[in-house]
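Working notes, structure below.
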Amino acid sequence: MAPPGTTRLQRWENRAEWPLAGAALLFLGAYAVPIVDPDVPPLVHTVCSVVVVAVWVLFALDYAVRLVLADRRGEFIRRNLFDLAIIVLPLLRPLRLLRLVTLLSVLNRAGSHGLRGRVVTYVTGGTALLLICGGLAITDAERGHPDATIHNVGDGLWWAVTTMTTVGYGDTYPVTTTGRFVAVALMLGGIALLGVVTATLASWLVERVAEADDEDQAATRAQVETLTAEVRELRARVETSLATDRKT
Amino acid sequence: MAPPGTTRLQRWENRAEWPLAGAALLFLGAYAVPIVDPDVPPLVHTVCSVVVVAVWVLFALDYAVRLVLADRRGEFIRRNLFDLAIIVLPLLRPLRLLRLVTLLSVLNRAGSHGLRGRVVTYVTGGTALLLICGGLAITDAERGHPDATIHNVGDGLWWAVTTMTTVGYGDTYPVTTTGRFVAVALMLGGIALLGVVTATLASWLVERVAEADDEDQAATRAQVETLTAEVRELRARVETSLATDRKT
Amino acid sequence: MAPPGTTRLQRWENRAEWPLAGAALLFLGAYAVPIVDPDVPPLVHTVCSVVVVAVWVLFALDYAVRLVLADRRGEFIRRNLFDLAIIVLPLLRPLRLLRLVTLLSVLNRAGSHGLRGRVVTYVTGGTALLLICGGLAITDAERGHPDATIHNVGDGLWWAVTTMTTVGYGDTYPVTTTGRFVAVALMLGGIALLGVVTATLASWLVERVAEADDEDQAATRAQVETLTAEVRELRARVETSLATDRKT
Amino acid sequence: MAPPGTTRLQRWENRAEWPLAGAALLFLGAYAVPIVDPDVPPLVHTVCSVVVVAVWVLFALDYAVRLVLADRRGEFIRRNLFDLAIIVLPLLRPLRLLRLVTLLSVLNRAGSHGLRGRVVTYVTGGTALLLICGGLAITDAERGHPDATIHNVGDGLWWAVTTMTTVGYGDTYPVTTTGRFVAVALMLGGIALLGVVTATLASWLVERVAEADDEDQAATRAQVETLTAEVRELRARVETSLATDRKT
């Protein structure tokens, strides 16, 4: 996939990848701390807010640089709508956390082979991230509401798991509008998770069953090879015959 | 798919498509307004009722015209049972909303390529419509019942999402018979949604894995081509030999 | 599928099919009446009980006759374990209702083409039967229990739908042990339903995508045909040449 | 799969398989008894504790012996991480029960044919084990908590079923942290179950539909065979011609 002559955009993206992944992880930490412990000292709270803003600026800068370096800007924007969504909507706190997929794609690139292997890596990582971010976001949104059933991060993570697996006991559920939007994101993630698990298993089973089919095809090819050899032999014989005829 | 000599029925359907889509959207608006805000002034309420009836008349007229224009009427009725159901059952308010699939099929025709692309467009649109219509219908059905857990359109849409994703927390659930029928429609839609998401992913994975298989087949074909060239060469040689034999 | 020389067992099964289907339907009616209306007059109650027992005797007789007519009895028993389970366990009332699958298989045989068509027919019918029987059985099991949330057939059917679709709001749920066993049967049915819907869609999508693959194969076959014609022409030429050689 | 010259490691594993399976079953019994009946006499309680510890020692010894016998120890550890997890984490009681998969893999090896058959056996066994262990573990974890909704093994098993099928009524749900971890394991098991059921059905349907495709391929192969015969005939004719030419 990587062309031999890499463009300046590709070189930038390769160099920026790890720093941005680190920034995304930092963001998750800074986002998590005040939610996990709401009684954190004001200084820590301020530091976390600064980190959150700083990471946002970093991502925006990265997007701007890539846009400038891109050959065809219209196509670049169309192909990176998700990156744009992450930058443009900083006020929707839960959505901001999706920046972490940057980290995920880096991890993914490093260590997996084959299409299904990559799908499994991506889904496992994405599910874990979605659970953690969803659990944090719902706790932030619900805590403090008088009818809330989610009071701390433990409840939030438990709710995220019951939602993504579509079990939905109903012991914990969102009551705020923000919380319900977080829930919709997790439910969609859950349906995608179920779909990917099933599809990967189905693809594996179909491939195994299809292996016999491939052997049939190899047999056909072997037959064609035999036949080609036969025809070449015949042609050589005819050539010889013509040569001897000509001599006589 | 479109034959060069289009029939009068096809010309009618092409011309009627966009107006009917507009009418379906108008219907959704007129259906939604009195449910979203039950304290709407009586005049608006009356206008909405008139629009609902007018759209119904329009759809019935369209069906009648198409039936008259059809060559084989028995086959037309059999192939358009869904359209008939939408016309014949006007008293089942929630079912009436399914008319909007007309709008969907228009959107669908306009902008997507390939089978899976069309499936994804159709499912995304259908799911969104089903959620909106289900949320409106359940609010209309439940509001006012003493044991109701769904009191406004926000609750209705939230319930529709938890039902279609089969999460079902149990914080909101229908208590009226009409509401339970709406729920059954949404649950079936949810099972279909899950099925389509999974099947599309599985089909994509299977195809990617099968590409290696296709390359095998291309190799066989290339071999057969080589063999054919070999035989043609041989035949030319034999022809030459026969020609020289005859001359001598 | 039907061999020209039908055995006595097959003739019996063909002749017994429709009467047994009628008996199964009668059984469902007789089972339903006292559950739908618990205040039915004692005479009706007695008639229903008699019908239930009579249908059971009929099924047992049918099984006995088929066992006598079968060539290899060991194999017959092994291949008809489900029929045996229906006969031998008459005390497990809910399981008895599974006899109705007889009716289903008859309907199935009558009107559907292709593997996927048969699967869809079977699943739709089986789901409907499981819903109705599950709704009746749970009402019978739960009604009367002090903590019951299911009080009539309407509640029972609603609960059956929420269970089979795995939504499970929690507004209705079984509290008796019998009811929980009915629930397990419906949940398994629900998982099977979801699996079959998804698998049928996936199979359809895979087949459509594979059609291009089939065209490739047809192209290979056409090439081989061209080649065969070429070789036959060549052989005719050689034969002619040999014949003229011999003459001279 | 089994190479003719079995290593000492393989001989050990073959000999240890059945005793370890028995030990795993014993472990399940010893784990279950004090949970099913909490008022069991102190002596029985002590015996059960001893059995649980003894089985753990046995599994650890088996792992140690296999590690010593293995040729490449690094690879052995990497390929048997699951076995190691079972040994190293003895304090996480619910996880310990996963040792029973040993038993399952033995049963599996004994009696099933074909890939899908093995998948079905494995999933059915794994689901049953997960349900039983999950039901026991949740009862152990929840019973005694003031807000608990699960009070005995019957409730525990019922909760396990509603969780694995993702129905989640919400009549029973874990409130302790341990219980919630058990729940996560069961939910993951449930998603895997749904995925395997669907994937197996899809694979079966795809294979059935692909059989026509296989027939096409067989036709191609038959054609190539005809062609080969034709070419051999031709070559024989040419050889004869050359022989007669040489004689004259």
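Each chain gets a letter, A, B, C and D, in the order it is written, and its residues are counted from 1.
In this text, contacts are C-beta pairs under 8 Å (C-beta built on N, C-alpha and C of every residue); 3 or more make two chains touch, one makes a residue touch a chain.
Keep in mind that this is a model prediction, so the values were computed, not measured.
Q: What is the Cα-based rotation angle between copies subunit A and subunit D, on a 0 to 180° scale and rounded to a multiple of 5?
A: 90
Q: In terms of C-beta pairs in contact, which of B-C and B-D ranks higher?
A: B-C
Q: Can you give the whole-Å distance between the Cα centres of subunit B and subunit C?
A: 28
Q: Centroid from C-alpha atoms only, then distance subunit B to subunit D, rounded to Å. What do you get?
A: So the centroids are 40 Å from each other.
Q: Which subunit A residues touch at least two other chains?
A: Subunit A, residues with two or more chain partners: 166-170, 194, 198-200, 202, 206, 210, 213, 217, 220, 224, 227, 231, 234, 238, 241, 245.
Q: Which residues of subunit B touch subunit D in their complex?
A: By the definition above, subunit B touches subunit D via 166, 168-170, 198-199, 202, 206.
Q: Along subunit B, where are the residues that touch subunit C in the complex?
A: 115-116, 119, 163, 166-170, 173, 175, 177, 180, 183-184, 187-188, 190-192, 194-196, 198-200, 202-203, 206-207, 210, 213-214, 217-218, 220-221, 224-225, 227-228, 231-232, 234-235, 238-239, 241-242, 245
Q: Once bound in the complex, which stretches of subunit C touch subunit B?
A: These residues of subunit C touch subunit B: 154, 158, 161-162, 165-171, 193-194, 197-202, 204-206, 208-210, 213, 216-217, 219-220, 223-224, 226-227, 230-231, 233-234, 237-238, 240-241, 244-245.
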